[in-house]
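In the part that follows, the structures are each spelled out as structure tokens.
In what comes next, subunit A is part of two complexes: it sits with subunit B in the first one and with subunit C in the second one.
And now, the complex of A and B:
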């Protein structure tokens, strides 16, 4: 008797997957190679090179890594530096620390305060970017913004946040915007720790810091690692600050994502934009690899 | 070592009163078991002693020091949890030594002390392993070792054996009893397993609905339950409880179906406390009933419902009116009984309870 292929056999499964794979190929894989190809051309949107792009080899990349220029305002190196500060400030020091602090502060607690804090954090996370940007513009406005109204009422002056402290402002903005993920991840990680672990430490007299260092932190290490790598990836690619500052003033908040956008879509130099995209992709790829390796090592330990 | 005193302790969780006006004294070196069904407040009582909960009312003293509102670390206690609470990322050495580490004991001293305790508990060669790499019984010993490693004044056990399988549990029970006799610790032990409580404790506090229903020596609690709750909770099978009426002047107990039991000779014992003879419950343990196929004086008739072999003994379940009465027979052969039998209660071991379920004595 001939054996019929089961519903979950490879062949049948592949048949079901084909439509999805088809679209993935068209919208993800094809553009990937297209960008890769573009980065070696001088293609633009308009002009001669739009119709007849020429192969320029590594020229786009050389311009990107032109070390005479690249730390100047509006150059790639500068954008990388700003992005690095932004990621360090808003992801690692901001979101992760806020997430861990809030999660630990509300560990196994219930009540209105916890609900309020969590709801506000999640709201900040899920509200559409444009709305958030508009709200923050209103909040930070020099003359009539909520913040400055409060500050001047108590006699603390009216700084122009987006002009005087642009990077700090978008770091705080992005911390506010994204902390919910870390809070939720760390909270659910804490929930998995049996209360008796902490109570045992209470009984033997461990301080709050000691409990965190000896028990909570080692048991959460995997979650912390996951969180750090994911928020690093997301923050590295985030574009929302553009809606607040437009990358300015004078490129002082020009993250790599904004730099890519400016190059590719303001001057329509697709070739150069492609080169930046490939470099960003490589950085993301390395981060993701680091994540996977660390995760595997973590599994091997436990 | 030190004594523990609970004075009129009440603990509420919102609307729920988990512990209701409990007073209890555990003497220096005494082993007291808190026994009761789930939700009876026994674990909450233990956590109040530990300082993991703070009572709404009442005082708690350990030694001569009031600790009612002190955090756990200022009470000088050691606690063993149901799930052992061994840290999976630490070796047994670090787990057992953790209380010493927190107290700032130097590493070599800690290792020496841990090795000493662990060797006593026969897990001395496992100290380099993590909890996940040893058996359940060994984890249990490790958690006891961690409690023993610093000489605390009071030991608190929260169902420490209930995660073990039946065979290991018996082993661990014997081990704990041995340990208790050797170390002579003041200990409070929470369990829902009456056999465990009986086997281990100097005294048992049977709890229900947040109250102590009876406090006493295990055998007293077993032989002379202070109320129908304890009577029905302790013993396997538990005490037979039969609704009846007592006519103390005539010296008779009347059961359903016009069954009459002559208690003339016990008039003295119950006469003084019996005001109203209605709504009385008679309690007698299955081993304190004699059964016979012929009528004997001072017995009541019943019908055999089922006979169950229990190994060294037999359990005969009979019907008295609508009530089932269990009788234990200690004999090798199957009892040869006709359908209609007569039950004779050992009246010295028979108790009467009033309509609130309290012992009449």
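And now, the complex of A and C:
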């Protein structure tokens, strides 16, 4: 980017920035440090420990990483395991693959088919989360739901999705919910590739898969990286499945976000909630760092 | 050969499109028919005599209507105004002043907000609101939402502000206009489409939010539609599905309308640009 002198002095610029700095300081930076402090106390909402929280050292962390307990249902290790499977399934395998496939299928095409598919995907993405969770609970209903009506019509039985395959169901649900972002990102990335590259391959008669592997994929590596990290971060923190399953049955869909919610806002154990939040933020931080490092390496290559 | 192949690939594309449409549309299909169906049902069926009775019943439910037409409008409208105002000022300040490493600053802010954001931040944000006596107030919800949405809003606005020419502002500066006059009379009218996009984006986000209001609000009469809808289908025994679906329909409709508006007016795309 070219360096240009500013229109205004730094002091004027700062005045324009003051409201934003206020919000960032109070609602982003302060919570960040507060949560570290909280995680070393036994702060609760009511009772003695609300007014006078005690410093308890690493107790909250020890309870979190109590390895005798932690893989049991409703414990932290189990929530981490479920979250890991959820991110792997619905972000990396789900959204990224759906995004790439749809974007590539409609590459250099215009028209009604493309418009309809893109619009439907975007609607799934932007409609309020409680509305889609409610629609899905009707969609998945054992006897009368749309899905089982179709399945039983072709003789595939009527499984109780939220009970028999709860994790698989929220993985598909989240793929459905979030794919639009990857579709849009990959489509705009594909538009930046000069058509002549692909036309040359057309002349030689290369297959769609070969064109994708040898021409498109190498050019899109940076975009794919951006997409993967962003959807990983979002999926890791997503709370929407709670609206469909409430974390159940028997904690089988209790993601770390739902576990945090339950600890902090059902039992109001803010100290423990803080410790979980710190661990979550560290994981988020490592993901974000991985993103920056990979992006830098990618730039050095190209 | 060539013809055969293009017909074949066209057919493949049609089949693939139909599969995508089914995947994305089927889960929502019931929500389009049920509100107009007289009998409570979970099946998708086109009603023989479509009715608006479900909507009439919903409008008689004071809790549901207050949540949707008062609380949701206050929260989403408030968040929209504060996000748009603060983000516009900030990105203008960032754009028109030489600040060392401002691109990195905005990126770090974006990453920081995704690191701190989400459920993890709800614990200290709740306590912050508790100490500021903002629990169970709409102001508290609006402030917390503004803090969360701001970094991405600045990121989006930056492109709009950077793309408007500076020469008018420089000329006005020479003529002796002050910085705030320049912003109000010259820059703001030019950047208005960007403000509109960011405002709609913030509105849609706040309109759909569930976690922040459910954590920060206490009394039923302050709850927005997301919490009301959730309580309708999760807590209240056996819900009357057609009534709940009519409510969900009303609640989802503004988002649909705003999407169509943005699509028609600006073309739905990525705002803020994609950096590889």
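Everything that follows uses one rule, which is that the second predicted complex is superposed on the first by the 295 of 302 C-alpha atoms of A that agree within 3 Å, B and C clash if a C-alpha of one lies under 4 Å from a C-alpha of the other, contacts with A are read in each partner's own complex, and residues count from 1 in each chain.
Here is the rule we use: a contact is a pair of C-beta atoms (placed from the backbone, for glycine too) under 8 Å apart; a residue touches a chain by one contact, two chains touch by 3 or more.
Keep in mind that this is a model prediction, so the values were computed, not measured.
Peer 1: Quick check on the superposed pair: does A:218 touch subunit B, subunit C, both, or neither? Answer first, second, both or neither.
Peer 2: A:218 sits against subunit B, while subunit C stays out of touch.
Peer 1: Counting only touches as set out at the top, which of subunit B and subunit C does A:185 meet: first, second, both, neither?
Peer 2: second
Peer 1: Applying the touch criterion given at the start, work out whether A:65 contacts subunit B, subunit C, both or neither, answering first, second, both or neither.
Peer 2: neither
Peer 1: With both complexes superposed on chain A, which partner does A:197 reach: first (subunit B), second (subunit C), both or neither?
Peer 2: first
Peer 1: Going by the contact rule stated at the top, is it subunit B or subunit C that touches a larger number of residues on subunit A?
Peer 2: Of subunit B and subunit C, more residues of subunit A lie in contact with C.
Peer 1: Shared contact residues on subunit A, subunit B side and subunit C side combined as an intersection?
Peer 2: After superposing on chain A, no subunit A residue contacts both subunit B and subunit C.
Peer 1: In their shared complex, at which residues does subunit B touch subunit A?
Peer 2: 50-52, 71-74, 77-79, 81-85, 87-89, 98-99, 102-103, 146, 150
Peer 1: Quick one: in the complex, what on subunit C touches subunit A?
Peer 2: Listed in rising order, the residues of subunit C that touch subunit A are 9, 13-14, 16-17, 20-21, 23-31, 34, 41-44, 85-87, 89-90, 92-94, 96-99, 103, 109, 111-128, 143-144, 146-148, 150-151, 154, 166, 169-170, 173, 179, 182-183, 204, 207-208, 210-211, 215, 225-226, 229-230, 233-234, 241, 244-245, 248, 251-252, 255-256, 259, 263, 268-270, 274-276.
Peer 1: With touch defined as at the start, can you tell me which subunit A residues reach subunit B in the complex?
Peer 2: Checking each residue of subunit A against subunit B gives 194, 196-197, 199-206, 210, 214-215, 218-219, 302.
Peer 1: Across the complex, what residues on subunit A touch subunit C?
Peer 2: Subunit A residues touching subunit C: 1, 3-10, 12-17, 19-20, 23-24, 26-28, 30-32, 34-35, 38, 43, 102, 105, 109, 113-114, 116-117, 119-124, 126-139, 141, 143-147, 149-150, 176, 184-185, 188-189, 208, 222-223, 226, 230, 233-234, 237-239, 243, 246, 256-258, 260-261, 264-265, 270, 273-274, 276-278, 280-281, 284-285, 288, 291-292, 298.
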